[in-house]
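See the structures that follow.
Heads up, the next two complexes both have chain A, just with different partners, chain B and then chain C.
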Partner chain A sequence: MRTQVPVAIAFIAGVVMVIQFFVPTHHSMALRDTLLAWTRIISAFALVVGIGSLVSINISKLRRLSPGWIYAIVTLAGFAVMAVFGILGTKEAAAPAWRHTLDRCYQWLFDNVQVPMDATIFSLLAFFIASAAYRTFRARTFEASLLLAAALLVMVGRVPLGVEIGAKLHEAIWGGSTTAPVTPEWLQSLTEWVLNCPNTAAQRAIMFGAALAAVAQALRIIVGIERPYMSGS
Partner chain B sequence: MPKRSVLGGGVALLLWASAAASGVEPPAPREAPSVSVPVAELPPLAPAELPLAPPAAVEAKDKPNDDATAIDLSWRPSPDDAPDSQRVMGYVVRRAEAPDGPYVVVGRVFTKGEGKFTDSSFSWKSKDREPPESAPPSPGGQGPAAEPSAGIPTDPAPVRADPRGQYYYEVAAFGLSEGRYEESAPSRAGPVTPREYWLDRDQINVLVGTVLCTIVVLGFLGFARRGRDFYVRPIAGLKAVDDAIGRATEMGRPLLFVAGLGGVSDIATVAAMAILGRIGRTAAEQGTRILVPCRDPMVMTAQREVVKESYLEAGKPDAYVEDDIYFTTDSQFAYVASVAGTMARERPAACFYMGYFYAEALILAEAGAMAGCIQIAGTDAVMQLPFLVTTCDYTLMGEELYAATAYLTREPRLLGSLKAQDWLKMAVAAALVCGVVFAGLGQILHLPETSWMLKFISLFETR
Partner chain C sequence: MSHTPDAASGNRDFWVRLQRIDRRWIFLVLFVGVVVPYFTPLGCRVRPSDPTRKLYDFIDKLPERKPVMISFDYGPGSAAELDPMAVAIARHCFKKNLRLIGVTLDPTGALLIRKAFEKAGKDLGKKMHEDWVSLGYKPGGGVVVLGIGGGLDTVFATDSEGKPYGEIPALEGVRNYDDIGIVVDLASSAAPDIWIRYAREAFKANLACGVTGVMVAAYYPYLQTGQFIGILGGLKGAAEYEQLTEAPGDGQIGMDSQSVAHLIVIALVILGNVASIASRRGPRG
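Presenting the complex of A and B:
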């Protein structure tokens, strides 16, 4: 019973939603809207559980003074401040002035703390791309050498510095000079070919395989032979 | 001569005279409102002072393949709607339940030329059809310049109509003349009734594909049930999963599992949960701690259940620690910072990145590499695959992510569905080859669109 009920619910919900996709009647649309509303309600409850998890884990870190407990204080303080400012602050004209002040504080913290910190983490990508490229492009194997050659080709054809290198390369091989460096036509064509043919072909092949696998996985879940919601199969 | 003809002739004469004086061709005469004034008493009339000409050939049709909540309208532009003229700013669309009205505005189109508008102000819910007490003004426009301009009346939000009714439409051109709003006489269409469809015909090819896929997958499940053995190629990333868990056990360090940024409804997240179940069971058997930081509270709740079940199946329910599957934040980069911090503090021996990833994939994988973890990734996010391939020890690409449960459990029915995928891939490849050949032949032989070769290609088009 404990396993049959979830499997039955998964089967009925899966079949109904597949049929709903192809039947555009208003009853079908109403069913979809209702299920979406349920999802929103469940996610609201799940958010409460999530917040509970965040708070309880950080409080227990503080109690035990486990390594990094100082960050738990920052997390809890940040959470409390943003929650209070966000819930009590408002832009409504009829609201008292102190609520407008809280709203402005919330906006200020968002713009001057959250956004710059997000940007900081995002900007780490530039350094991580360099370090990942260094490790990968050490041409130890045939595949790595191929990757290195393709990457160099595309970089020379696309990146501003590469454009200058390409122009110099063209001068060295075929002579002539240009006042402004431009990517030689043959290099541009080769770069485009690498991007549009082998690269796109490989991407599409992966996407086809993934889409078919997703269909098969969905069927396995609907018929109940795979139950990821119950620790696998 | 009827009065209208007298006036029309008079206006044409005036226009001809003014055009002759300026050296340009006079515009074609058009119908004007009937006024009983003798031609001799008419004041001289400049072309711009003529009323706007209405649009022509207004058509109202039911929008196909919907739940009877939309009507498509189309019309030919007003003769005054010339590309070099600024007189016509757009078209106003009105709807009525009777041919004589009253007509209410359902929208404005702020584009010139051939006009199209979809009236979607229908609702099956009677509550939605009640007029609001104070309807908020709505520009009600469609098109790129839907901002209400000064001088153009602000229309009230259209009251939703009953899809079971019969409706009439009128379309009029509008513009501003010396700051004053002007509108042409309306052109009418109707009656039209929205129609409800039982099958979305635009999706028939998708339906056929779904049915075929289902038959093939269920067929192979049947073969598997009858005991047929299926060969599945070795997948290095999945073979390494047990080794990675073993390494963590030997080192006495935890495992870290990241299920990507997808929600619980993403199929990649569902596949990730299946892998988590398997990893959780092995970790429970070996007594290794598993940390699962989550970005989505719903995913967290589901993953707690999955890991709890794994510990139960391993016979170690007491070893399950709920707080090891925890919510951090739903902000993308704050989540990355949190996971990278966990890697630095907890020093996991192995990291698993399974699910759908965005720009954070590389940051996570580099942080893991710096922490000295064995890293196994699996995603169908094509744009992130190169980053994961270059930074992780093993990467499951696309379909390999979905094959993980079958591969790890070796359950015959799951392996059967993998074999079905292979056959379906072959069918897709065959269709691709046929499509390329037929499209090529179509170009070379200049085949008409009605030829069966080009019709074959159109079978795969989705709308």
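Presenting the complex of A and C:
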């Protein structure tokens, strides 16, 4: 029973959504909207589970004084401060006079703590990519050389300074002649061509493969061959 | 000219050492390359690409007061790249007297909506609830996108400030995708796939996207099929849009730094390859 009921629910929900897509009647759309509302509510519970997990993992880290326990304090303090300002700043929780101040505090913390921290972590990637590219991006084979050439072309053609250098080269070779075989923006056009043609062809092949796999996976879940919603059983 | 074995070996050592250079030197070069152009602009002209121009032209032709939806599907980590896009598009919409609706599928994106709309509408006197509204975050991803097709008010009963849907002038007459001129998804994740699948294919919504520079190649196939009206790629996309709206902003300010950084990486890759080839050549025994 513990297996059959969830499998039956997954089967019915899956089949209803598939039928609704192909037969969009008033009743099927109403049923779809109800199912979607349920899904949104369940998704909200996933957030609660996530928060619970974050808090319990960090508290147990603190209790055991595991390596890096100090960071657990930072995590819990950050979570508590943002939660307090976020919840108290809502219409339901605070008096109008306080609400604006609490809301602004929340926005201030977001703008001046979270945004710079996230941006810092993300921007560090540029430095590591530069170092990794220098050490590992080698033209050892024909395929690697082709990849390298395409990457360098797109990199230079996607920035104004690169396009400007291309225009200067054009001027040096053809001297502004109207009979030149390419325009001064040839580097940008070439980059667009790489993205539009070879890149699109390759991406589309990957997408078709992934889409077919997704259909197969969805069918396996609907008919109950795979049950990822049941702890891997 | 012939080299002695010692000289050849010395040369090879030099190229080997060059390949193993302390990575902090690379960090320093890149840091200088990013910081110096930021404060001393090179003034390179940004030439708008076709995908950017198509989005601009589409928005430019929308009738007055037509709602435009922007989905802020990114967090603060990608804000440096995507916020300038949001501000540039919002400013264009406000100049055309279009209404703006902000939503997000990312919990950290909710606060970015208000900031971008306030920044874009400040000089033009645009007001929250009248000219723009932030509906905030709702969990569910694809379910939210599908739900909007059934009725925007069924997903967002209130805006992020708690004001009921029916009392917001910016949402007057907006039921679902049929009433929205275009949905622009600004994303640092796979959110554009969700919007394509559910908003475009299920409800025929007009769709465009703005994504980070590393993601842009993955979305070109949708441009060719017409599923995306236009694409803004990375900070350059923002700079191009600013150029078209004749309102320079953070996108154009950052382009010089990005230009130099790209050229430095290209130079490093070439140098690394030269060093690799040279170090493999040596006296044969």
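Going forward, the second predicted complex is superposed on the first by the 169 of 233 C-alpha atoms of A that agree within 3 Å, B and C clash if a C-alpha of one lies under 4 Å from a C-alpha of the other, contacts with A are read in each partner's own complex, and residues count from 1 in each chain.
To be clear about the criterion, a residue touches a chain if its C-beta (ideal position, glycine included) is under 8 Å from a C-beta of that chain, and two chains touch if they have at least 3 such contacts.
This one's a predicted model, so the numbers in the text were calculated from it and none came from an experiment.
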Who does A:L54 touch here: chain B (first), chain C (second), both, or neither?
-> first
Identify the partner contact of A:M207: answer first if only chain B is touched, second if only chain C is, both if each is, neither if none is.
-> both
May I ask you to decide whether A:D33 touches chain B, chain C, both, or neither, giving the answer as first, second, both or neither?
-> second
Identify the partner contact of A:I73: answer first if only chain B is touched, second if only chain C is, both if each is, neither if none is.
-> neither
Once the structures are superposed on A, label A:Q217 by its partner contacts, choosing first (chain B), second (chain C), both or neither.
-> first
Check whether A:F21 is in contact with chain B, with chain C, with both or with neither, and answer first, second, both or neither.
-> both
When the two structures are overlaid on chain A, which partner does A:E226 contact: first (chain B), second (chain C), both, or neither?
-> first
Partner chain in contact with A:L195 - chain B first, chain C second, else both or neither = second
With the two structures laid over each other on chain A, which partner does A:I121 touch: chain B (first), chain C (second), both, or neither?
-> both
Shared contact residues on chain A for chain B and chain C?
-> 21, 29, 39, 43, 46-47, 114, 117-118, 121-122, 129, 131, 133, 135, 203, 207
Mind listing the chain B positions that touch chain A in their complex?
-> 65-69, 124, 163, 196-200, 203, 206-207, 210, 213-214, 217-218, 221, 265, 267-268, 270-271, 273-274, 277-278, 280-281, 294, 296-298, 300-302, 305-310, 312-313, 323, 326-329, 331-334, 336-337, 341, 345, 359, 362-363, 365-366, 369, 380, 382, 385, 387, 390-391, 397-399, 401-403, 405, 409, 411, 413-414, 417-418, 420-421, 424-425, 428
Seen from chain C, its contact residues with chain A in the complex are 19, 23, 26-27, 30-31, 34, 42, 44-47, 49-50, 75-80, 107-108, 111, 114-115, 138-141, 143-144, 146-147, 150-151, 154-155, 161-162, 202, 213, 216-218, 220-221, 223-224, 233-234, 236, 239, 255-256, 258-266, 268-273, 276
What residues of chain A sit close enough to touch chain B in their complex?
-> 18, 21-26, 28-30, 39, 42-43, 46-51, 53-54, 56-57, 60, 67-68, 71, 114, 117-118, 121-122, 124-125, 128-129, 131-133, 135-136, 203, 206-210, 212-221, 223, 225-226, 228-233
Chain A residues touching chain C in their complex are 21, 29, 32-33, 36-37, 39-40, 43-44, 46-47, 90-92, 106-107, 110-111, 114-115, 117-119, 121-123, 126-127, 129-131, 133-135, 137-139, 148, 152, 154-156, 158-164, 185, 188, 192, 195-196, 199-200, 203-204, 207
